[in-house]
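A, B, C and D label the chains in the order they appear, each numbered from 1.
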Amino acid sequence: MLAIKKKVKVAKNSRLAPDIYSIWLEAGDIARYALPGQFVSLYCRDGSRLLPRPISICETDRDMGVIRLVYRVVGKGTKELAGLAASDYVELMGPLGRGFVPEGKKAMLVGGGIGIPPMLELAKQLSCEKQIVLGYRDVTFLDNEFYPYGKVYISTEDGSVGAKGNVIDAIKANKLEADIIYACGPTPMLRGIKEYAEKMGIRAQLSLEERMACGVGACLGCVCKSTYTDSHSHVNNKRICKDGPVFYAEEVEL
Amino acid sequence: MLAIKKKVKVAKNSRLAPDIYSIWLEAGDIARYALPGQFVSLYCRDGSRLLPRPISICETDRDMGVIRLVYRVVGKGTKELAGLAASDYVELMGPLGRGFVPEGKKAMLVGGGIGIPPMLELAKQLSCEKQIVLGYRDVTFLDNEFYPYGKVYISTEDGSVGAKGNVIDAIKANKLEADIIYACGPTPMLRGIKEYAEKMGIRAQLSLEERMACGVGACLGCVCKSTYTDSHSHVNNKRICKDGPVFYAEEVEL
Amino acid sequence: MNTSVTIAGVRFKNPVTTASGTFGSGMEYADFVDLSRLGAVTTKGVASRPWEGNSTPRVAETYGGMLNAIGLQNPGVDVFIERDLPFLKKYDTRIIVNVVGKTIEDYCEVVERLADCDVDMLEINISCPNVKEGGIAFGQSAASVEHITREIKKRARQPVIMKLSPNVTDISEMAKAAEAAGADALSLINTITGMKIDVARRSFVLANKTGGLSGPAIKPIAVRMVYQVANAVKLPIIGMGGIKDAEDALEFIMAGATMVAVGTANFFNPYATVEIIEGIEKYMADNGIDDINDLIACVK
Amino acid sequence: MNTSVTIAGVRFKNPVTTASGTFGSGMEYADFVDLSRLGAVTTKGVASRPWEGNSTPRVAETYGGMLNAIGLQNPGVDVFIERDLPFLKKYDTRIIVNVVGKTIEDYCEVVERLADCDVDMLEINISCPNVKEGGIAFGQSAASVEHITREIKKRARQPVIMKLSPNVTDISEMAKAAEAAGADALSLINTITGMKIDVARRSFVLANKTGGLSGPAIKPIAVRMVYQVANAVKLPIIGMGGIKDAEDALEFIMAGATMVAVGTANFFNPYATVEIIEGIEKYMADNGIDDINDLIACVK
C-alpha cells in the first residue's frame, strides 16, 4: 500500500506504565496493509511543532481497521499524544518504511525499552518457533502480551524483574540459539546484537532510529551509514524512513 | 483591580448569527471588577499564534463570577475560540483598559456591528435615560437583549431590519438628543459620531480599536493620535490598550 | 483564468514549484501528488559526483520551523541523468535542476553535463549554509556572485536561476550582481543559518552544530527579501521560505515573485503543492482575477 | 547556588533582564511580576527628545512570532530621568537604559544626560530596523559600529553595551569592531527585518511596510549568532531573541551568553521573566550546578 496522510480517530488511549502509553487508532487501510516493523508518522495539533513523530506499529487489527501504538512520553509531541482521549482525532501518515521479513525456522525476537512494541505484531505474525527477549531499565510493560507467542525472557538493568542486566546478558545466560534475530532498541543494544549475531553466524534484522523530517525518503535527513555503496543514494548512506527502518545487520554500520 | 492572566473555564459558547458567537467564561474576580467598556485579551491554544486577541466585555455577572464576550469569527484566533465547548479552558488576561465613565442625564448608546457587544453591559449599568442605536450591515444580533434598558433604534445598511442606512442616519432621522454619547464601532462610524457630537455640542465617549501586542501599555503598538501632547507619552499618541479603549471625542483624532 | 507564467522564455502551467532538497527528484512525493499538476519540479542539489553529506542528526525541529544540515548529499549528476531525469520526463511538468559544487569548476562541470539534457532551467545554489566548501561562500559577496554567475552563464545551455542566500546584509546587492552577470532569474531565499542546543544533554542537536532554518517561522523575512529584490532588479523571481498554503504563496507573488516554491511544508503536508495550486485558483476565482500575472508585485 | 553574574564590573543577582521595548520602563509589568526579582530591567529606547514613532498598524502577528514597527516612540530622556528612573529605583534591580538616536550627536546627548544618573549600564541600540535615520544604519558596517562605539565610549560614565543587528552577513565582524572600539559588552540580537502582506486587502499589514521580526520563530538564528560572537570576541554577551522559557534561556547561556533578555514572550506571558528565573534555578538544582557561571559557553 502506498502511504497516505489522514486524520484518524482515537479508539482508546491508556497508560501502561509511568510515561508509557498505548493508543488504538481507527486507521482503516493503514491497519489492513501495514506490516510488522513498519511505522507511522504522527503530526502534532499545535502548529508550533511541525515535524512528524515516527512511531512503530505495535499491533494491527485488520478486521477492525485499527492499529495500536505504544509510546513513551519524552517531549512535547508525545505529551500531546498522551492527552488525547477516545474520539479525538490525530493526523497521521503511513504505513511507512520496510518492516521485518519473515524467514528461518527458529527466531529470536529482541526488544529493548521502547523498541519492544514493534516486536508484538511480529510475534503474532511469525509462525515459526519463537524466543522473545525483552529488556527494560526497571518497570516492565507489554511483557504479559508476549506470552501467547513464545518463550519470554525478561531482563531489567536493576534486576527488579527477570534477569539483571541487558538483553545480551539474557541471551548469553540462557544460551539462546536461533537462525534469525529480529531486534529493535537503542543503538548500543543493536550494536551488541549485531556483534553477537556475527559471532554466532545468525542472520539479524535490526530496526534503527534517527531524527526525521519528511518520513518518506525525500529529505535525506534520517540516514544511517551503510556498509556498501547504497543503490539509491550512491554513497554509503541509507534512508532509515524509506530503505529501513529494518535492515540486515551486515548492511549497516552502527 | 490589577489585571491578571489566567486559565478560565468556558461556561457556554453559542452562535448568535452567522459568524457571531457568544461565550460565557468563569472569570472569577475579573467578572467582579470589570467595568463596561473594558476588555480582556484572549490567547490562542495553538502556539503558532502568540498575540492576544482583545475582546470587549459584553456582560458581567458579578455574583456568578462570569463574563460574556460576543465576537465575530474573522480569522484563525476567533475561529479557534468558536470551537470551544463548555468546560474547555481558555487563557485570558484582564480586565484591561479604561471603560466608559457614567455621566449626564440623557444618554445615547451607539453600537456599530461588532462594536455593539460592549454597549450591553453599559446599558445595564447606566441608570439615566437611555436611547440605544444599533447599526448592522444586514443580520442583527443582540438587539433583543437591549430592549429592557431603553428605546432601541436599529439601522441596517441593506434596510432589511429597521431603518436603511447607518447609525448616523438613524440618529438624524429620529432627531435624537442627549447630553452624552457612548459609542463603539468601526472608525468611519466613530468619526461620524465625533462630528455629530461636536456639531450638536454633546459630549462623546468613543471606544477605539487597534492591533495590539502586549495589551497592557508597554509595547506602544496600539496607539492612536491624540489631539494634545499626551501626559504619558509626551507626544501626540495615546495607548488604546491602557489609556483607552474609551476616549473622549475631543481627546483623539480619528 | 490564466495561471501560467513565463520565466526567461520558459512557460510554466502554474506558478508553483518545489523547493530544492525538500522533494528529492519527485519520486517519493509522486505517491501523494500528481507531479503533472505542478508548474515545475525543482530537484535536490546535484553535484558533479556523489556526495555523502553530513553526519546525523541532520534535522531538528524548531518553533514553527526546522533546521537541516543535510550537507547536500546527492548521487551525482550521472545518476541524476540516468535515473531521475527519465523518471521526471514521464510527467507533464517543467524540470528545474538545482546545481551545487565545491569549486566553480564543479558547478561548471554539472552545468556542462546537463547542457544536452532535456531540462528546462538550472538553479545554481550558491547559498547552502551546510557545507564547508562552496555553497554559501559564493553567495555572500557581490563580487563572487557576479563571478560565478558569469562563469556559469558562459557554459549553460538552459536559462540560469541564481539562488540567493538570506545570510547577507543587503540581498539586493547580490541580486544586482547576478543580474549584471547575466542571470536569467533569481530564487530566494535559501535557509538562514541557525543553531539548536539540547539543554538536557548540553550539546548541539545537529552533528554539524549549525543548520539552515526553514519553514513558516522564516516567511516574513523571505517576503521582505523578495519585495526588496523585486524593487532592485528586473529579473523574475522564484520566491520561497515558509510557504505552507495558498495565502502564503500569494503573499510572495504580491510582493514580486513570478513563481513560488514549496519546501518544508511538504514534510508536514505531502499534499501541500497541489493544495496551494488549487487555493490560488480559488482566490483568483473569488476575486475576479483573470490572469495570475496581474497579481505579481501588485503590492507596492 | 549562585545565580549571579557580573558584566563589566556590574553584578546582577541573576542573568535575566528584559529586552528593550517590550517592557516599557517596567511600570506596566510591575502589576504582574515583582521587578525586584529581575537581574535587571532594560528600558525602552530613550532619545534626546520625545519621538512620535511610526503610524499604525505597528504590530502584526506572524507564525511563531511577530513584526513590530513602533519606530522608537519614546518620551525623551528628560521625562525618562524625571519619571521612569525614580520609579525603577524603588526596586532592587539593575537598570540598563537603551539609547537611541538619529545621529551620533543624538546618541551622545543621551549618554551625556545620563552620565550623572543612577543607572547601571547603557545599551546602545544601533540595530533598530524601523526608523528611517539612525538605528540599524549604524549597525550594518564594521566601520560605523567602530566609529559610533568610540564616540559613545568617550562620553559614557556607565559601562556600554552595543546592541547588534542580525541583519548582516557576518555578525562577528560587528562584534569585533565594537570590541576594538572599547565596548564593555554586547547584546544580540535585535529584530530581523520582515514583511507581511494582507492578501485579502492586497496591501502591507504594517503602515511602515516592513517591521522587525521577533519571538520564538527567530530563536535558532539568535542562538547561532550568540555562539558565533562568543567565539569571536572576549566581551560578555546579553543574549536575546525568542526566549520564552528557562530552556530557551539556558540555550543562550550554554551558547555563550552571560545574561539573557526576555522580549516578545512578555506579550504572551506577562509572568515570563520570573518563571524563567525560577526555571533556571530548578535546572541548576536538578542538575547539581552550583554556579550559573559554569554553564556559560559550556557547549563548544
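Here is the rule we go by: a contact is a pair of C-beta atoms (placed from the backbone, for glycine too) under 8 Å apart; a residue touches a chain by one contact, two chains touch by 3 or more.
Values in this document were obtained by computation on a predicted structure and should not be read as measured data.
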item: Chain whose Cα centroid lies at the greatest distance from that of chain D; value: A
item: Chain centre separation (chain B, chain C; CA means) in Å; value: 46
item: Distance from the mean Cα position of chain B to that of chain A, given in whole angstrom; value: 55
item: Chain centre separation in whole Å, for chain D relative to chain B (CA means); value: 35
item: Residue list for chain C, restricted to those that touch at least two other chains; value: 63-65, 216
item: Where chain B touches two or more other chains at once, by residue number; value: 47-49
item: Category of the chain touch graph - line, ring, star, complete, other; value: complete
item: Chain C-facing residues of chain B, complex; value: 47-48
item: Residues of chain A that touch chain B when the two form their complex; value: 45-49
item: Touch list for chain C against partner chain A, complex; value: 21-24, 27-29, 31-32, 44, 50-53, 56-61, 63-66, 68, 70, 73, 75-76, 79, 215-216, 264, 266-271
item: Sites on chain D touched by chain A in the complex; value: 63-64, 216
item: Touching residues (chain side chain B, partner chain D) in the complex; value: 2-5, 43, 47-52, 93, 210-224, 232-237, 242
